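Next, two complexes with chain A in common: one pairs it with chain B, the other with chain C.
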Partner chain A sequence: MNEWMQQHPASIGGLVLWAIGLLWLMPSGKPGKSRPGLPGIILAAAGVLAFCLGAGRGIDTLQSEVMFWTFALTALLCAALMITSKNPVYGALWFALATLGTCGLFMLQSAPFLAAATIIVYAGAVIVTFLFVIMLAQQSGAAGYDRRAQLVVPAVLSSFVLLGVVVQQLQTNPLKVERPGIVAAEKQSTTKGSATSPPPLPSPDAPIPPPPPVIPAMLSKATPETPVGSMKGLGRSLFGDYLFAVELAGTILLVASIGAIAIAPRREEGAL
Partner chain B sequence: MSEMTPLNYEELRSLMVAAGLFVLGAIGFLTRRNLILLVLSAELMLHGVSLSLVTFGKIHQNQEGQAFTIFVLTVAACEAGLALSLVLALYRQTHSLDIRLWSELREFDTPVPVMADADGPQSLPSAYDGIPLLTPAGRQPRELPRTVNADPKRPDRTPV
Partner chain C sequence: MPELLITIITIAIVVGAIPGVCNYLILLERKLSAWMQDRVGPNRVGPLGLLQPLADGVKLLLKEEVIPPHVDRVLFLIAPGISVFTALLAFAVVPFGPVGVDGAPGFLRFIIAPGIDIGLVFIFAVGSLAVYGIVLGGWASNNKYSALGALRASAQVVSYEIPLGMSVLGIALMSGTVNLEEIMQQQIAGGFAAWNIWFQPLAALLFFTASLAEANRLPFDLAECEQELVGGWHTEYSALKWALFFLGEYTHMITISFLTSILFLGGWHLPGIAEPDSAYPLAWLVKMLVLMGKAFFFICMMIMLRWTIPRFRFDQLMELAWRVMIPLSLANLLMVMFVRHFELSNWWMLPGSAALFAAWGMISASLREAERRARPGYVRRKKVEAHHDGHAAGHAAAH
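Showing the complex of A and B:
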């Protein structure tokens, strides 16, 4: 823990700055003494910047660096502004911007289809429905309960302690993962020199090799023809390995729409 | 069979941003009092989870992370629709979106939460509003004065 604090001062400083900015921005509900938002936004932005810098820097193209910083700052800062906005309409709009930032990060993680689907579902359907409900229920703008948050200090402190522990674990115990793509490429490059001669034929007396083990979720593996995030590969995974789950998801959508219609107030029960 | 390599910094910072999104959603869920903002904060937490799943899929070079994220998207859409109809049903009873008005649903041995602010209604208007009525049986009772503006087509229901 102490070593981590000494090795990653940017992470811990970023977390502290970010938490202070959030505490500053939270609506306190004191009438007539509304705090200016700009210092809180600057504090939170500096905290987010230092937090992301804590991951370390590598050698990468300037283009992808700029895109990552833009999208990460957009997502995290707009999320902070969403949970601290006094007006729920502005909260929903900040959430839409945070969704756009997240979709940009999806693109950087080679998930273009998912980014498009998330934008369509969230910005096109969810946000519009939320705005309808807000405008139906709160026609007079922000109410008293929007101007005053509850349990601000305990919630922010405990959540940032959780975030700090997660980041500390990520940075001090780096996960070791198997990288099939890289290893396969390395093997190919190492065996390329001696691969000119064909492999010797197995002698007829040799025992029959055991069949390869059946690996579950076989169709989800990325291959050179279907790299990660390609429509073909994603479709093979969804409609091959997870066909039953897709059917279940469709059933859940049907049940949810029936339930929403059943729960929603009826016209004969009176308007809102 | 294949060697294990640690995460590179791109994957690391993507996971960190995902954790940050999740924690911001959790803070919003714990601190805000507007029912709609609570649901939006839950959606923000789902964004963090989706970003983590996509990054894991990239790390392990398979499509499962993105397939799971599509299921997360489906469930999030269902959740948003159901939550909004529930919010509307709750709004019909209190004419407010304050979560504290529903503190009557707490466990019986937890203390009453402190109502610090004076604005807005302090509790539910009546504990007996909106309770479903039994089907009428036997003789129709004499109409009480409070039902003068009842719906004439539904004499068995008191106005809500």
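Showing the complex of A and C:
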């Protein structure tokens, strides 16, 4: 941890600046005394820039580079605007745009079904329901408690600490996640490559490098008929490898919806 | 020809054709309604009123654009744009002709984005965004009537998305894909008896009804319900911004009609005329016209439905979605799973659908009767004499 912090001062500084900027921008709810937004915007932007440069990643082609940054910056910017906008309707809209940016990233990771499903569930249903509630409940302008951010410092602190830990973990021990479809193609190319140039034998003096941690090969492998991004591959993985998790999630959701129906007021009790 | 150029040409064709087609669909709507109500309809501009859409278009372009001072300007301006954008984007994965058939000129591909593995899911994803146009337009207008219309639209769309998606899951299970081109190809390869309508008639009905609700067409246009809400969510809109909302609605209609023909009616297949091995000159044109003819049939049906069925009340609208369409589409999905699991013949689904429909009708009728009985002040209907029974019961129901 310490070593990593010394190696990546830009990432740490960026995170701190970013957090302070967001804290500055949070709506305080006092109509007369709203802070000027510019210092916060500058701080947050500088923080994001430093963080991205420090934690930068290598992507191969220009095309995917441009698309990655477009989607990632859209998602980040819209998420920041979502939590800093004073109007709850605008907040919901920025949330929708942030979801769309994230779905673009899913697309780049060749997970089109995940992207489409996220759009349907979040942008299409959840946020529309938010808008419904906001418009139904507050037709005479936003209520006071909706115009100021709640629990600002703990929220920002915990989320940025979490972000820092995730980035630190990813950078110090990168996971070699086997991505079936891509691995199959890579294996073919490496076998071809190794036929022409065999890997050099390790000299006996050199310390043996620890093998990179590999996720256990319990996942079902993709075949040429069911490549990694396809619905078939996803379905096989969900209902084969992760069946227990899927069923558990389904049960929890069922319990939650039964609970929601149970605690909702009956019509005789004065519901709509 | 390079892929990019073909894509650009296809996009240009679609984007160029759809506004014109929408214009003439409005004329068709007016003419059909006139015909149904024994009127003449528009007949002043050009022969048979055929130039009326042009006159309307020029009128909408030149009208004064009113932006009331009390609106939220940004959202007020982008709401019509969202409406058109999502409607056009959904059309990107819809094949509008014989995709991949020999003989068609090289620059015609009949689909903007071919080979999208998640075609159907993509359409639902983009379609679920279409409601933002209405919700934002209604909210930004800062007007009670508009806000009420937007409220109704959001509740309606969220409810009807569920039966819409669930009704086609059966087809996805049957054909093992949600790629629209593949679903169409499988039906075409199987011939007339492989059209999905034979196995999923109930799903076709549910899909068509739910998509009418998604498109805000009557009898589901509670969001613009004129006798209660002036104009609903578009009360404050005028001129071209108003027209853009309707461009979005009619584009949505076109997409739905194509989808229904592709999913349930075998795409461009028509026995004896457009078979996969028909090789007469211009066969591709005939196939394209067959698909468009099917879509045209559904568009006419939507228009005639609009002028036949009165608008629902809001509680009826919600009841239809939650008490009828969602359970029915779930039961339909279960039936498909059952047939697929036990490897029965697909033909079992035809009587199965009919049985589901009948059973649900009976359950609904008895539920309604039970509800009536539970009401305070319920007076038990008089028993009628045995030989008058059927007749009198019919009368009682009519009252």
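Here is the rule we use: the second predicted complex is superposed on the first by the 171 of 272 C-alpha atoms of A that agree within 3 Å, B and C clash if a C-alpha of one lies under 4 Å from a C-alpha of the other, contacts with A are read in each partner's own complex, and residues count from 1 in each chain.
The criterion applied here is as follows: a contact is a pair of C-beta atoms (placed from the backbone, for glycine too) under 8 Å apart; a residue touches a chain by one contact, two chains touch by 3 or more.
In this text, all values refer to a predicted model and were calculated from it rather than measured experimentally.
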First, second, both or neither for A:Ala117, with chain B first and chain C second: both
Partner chain in contact with A:Leu38 - chain B first, chain C second, else both or neither: neither
Contacts of A:Thr129 with chain B and chain C, given as first, second, both or neither: both
Touching partner for A:Ala96 - first (chain B), second (chain C), both, neither: second
Which superposed partner A:Gln171 touches (first chain B, second chain C, both, neither): first
Partner chain(s) touched by A:Met231 [first = chain B, second = chain C, both, neither]: second
Winner by number of chain A residues touched, once chain B and chain C are compared: B
Footprint overlap on chain A, where chain B in one structure and chain C in the other make contact: 113, 117, 125, 129, 136, 229
Chain B partner contacts - residues on chain A that touch it in the complex: 22, 26, 29, 48, 51-52, 54-58, 60, 68, 72, 75-76, 79-80, 82-83, 88, 91-92, 95, 98-99, 102, 105-106, 108-111, 113-114, 117-118, 121-122, 125-126, 129-130, 133-134, 136-138, 143-146, 148-152, 155-156, 159-160, 162-163, 166-167, 170-171, 174-183, 217, 220-222, 226, 228-229, 233-234, 236-238, 241-242, 245, 249, 252-253, 255-257, 259-261, 263-265, 268-270, 272
Residue ranges of chain A in contact with chain C within the complex: 89, 93, 96, 112-113, 115-117, 119-120, 123-125, 128-129, 131-132, 135-136, 139, 229-232
Complex interface listing, chain C residues touching chain A: 75, 116-118, 121-122, 124-126, 128-129, 131-132, 135-136, 139, 144, 147, 150-151, 154-155, 157-158, 161, 165, 176-178
Complex contact set, residues of chain B against chain A: 2-10, 12-17, 19-21, 23-28, 30-34, 36-37, 39-41, 43-44, 47, 50-51, 54-55, 57-64, 66-67, 69-71, 73-82, 84-89, 91-92, 96-100, 116-117, 119-120, 151, 154, 160
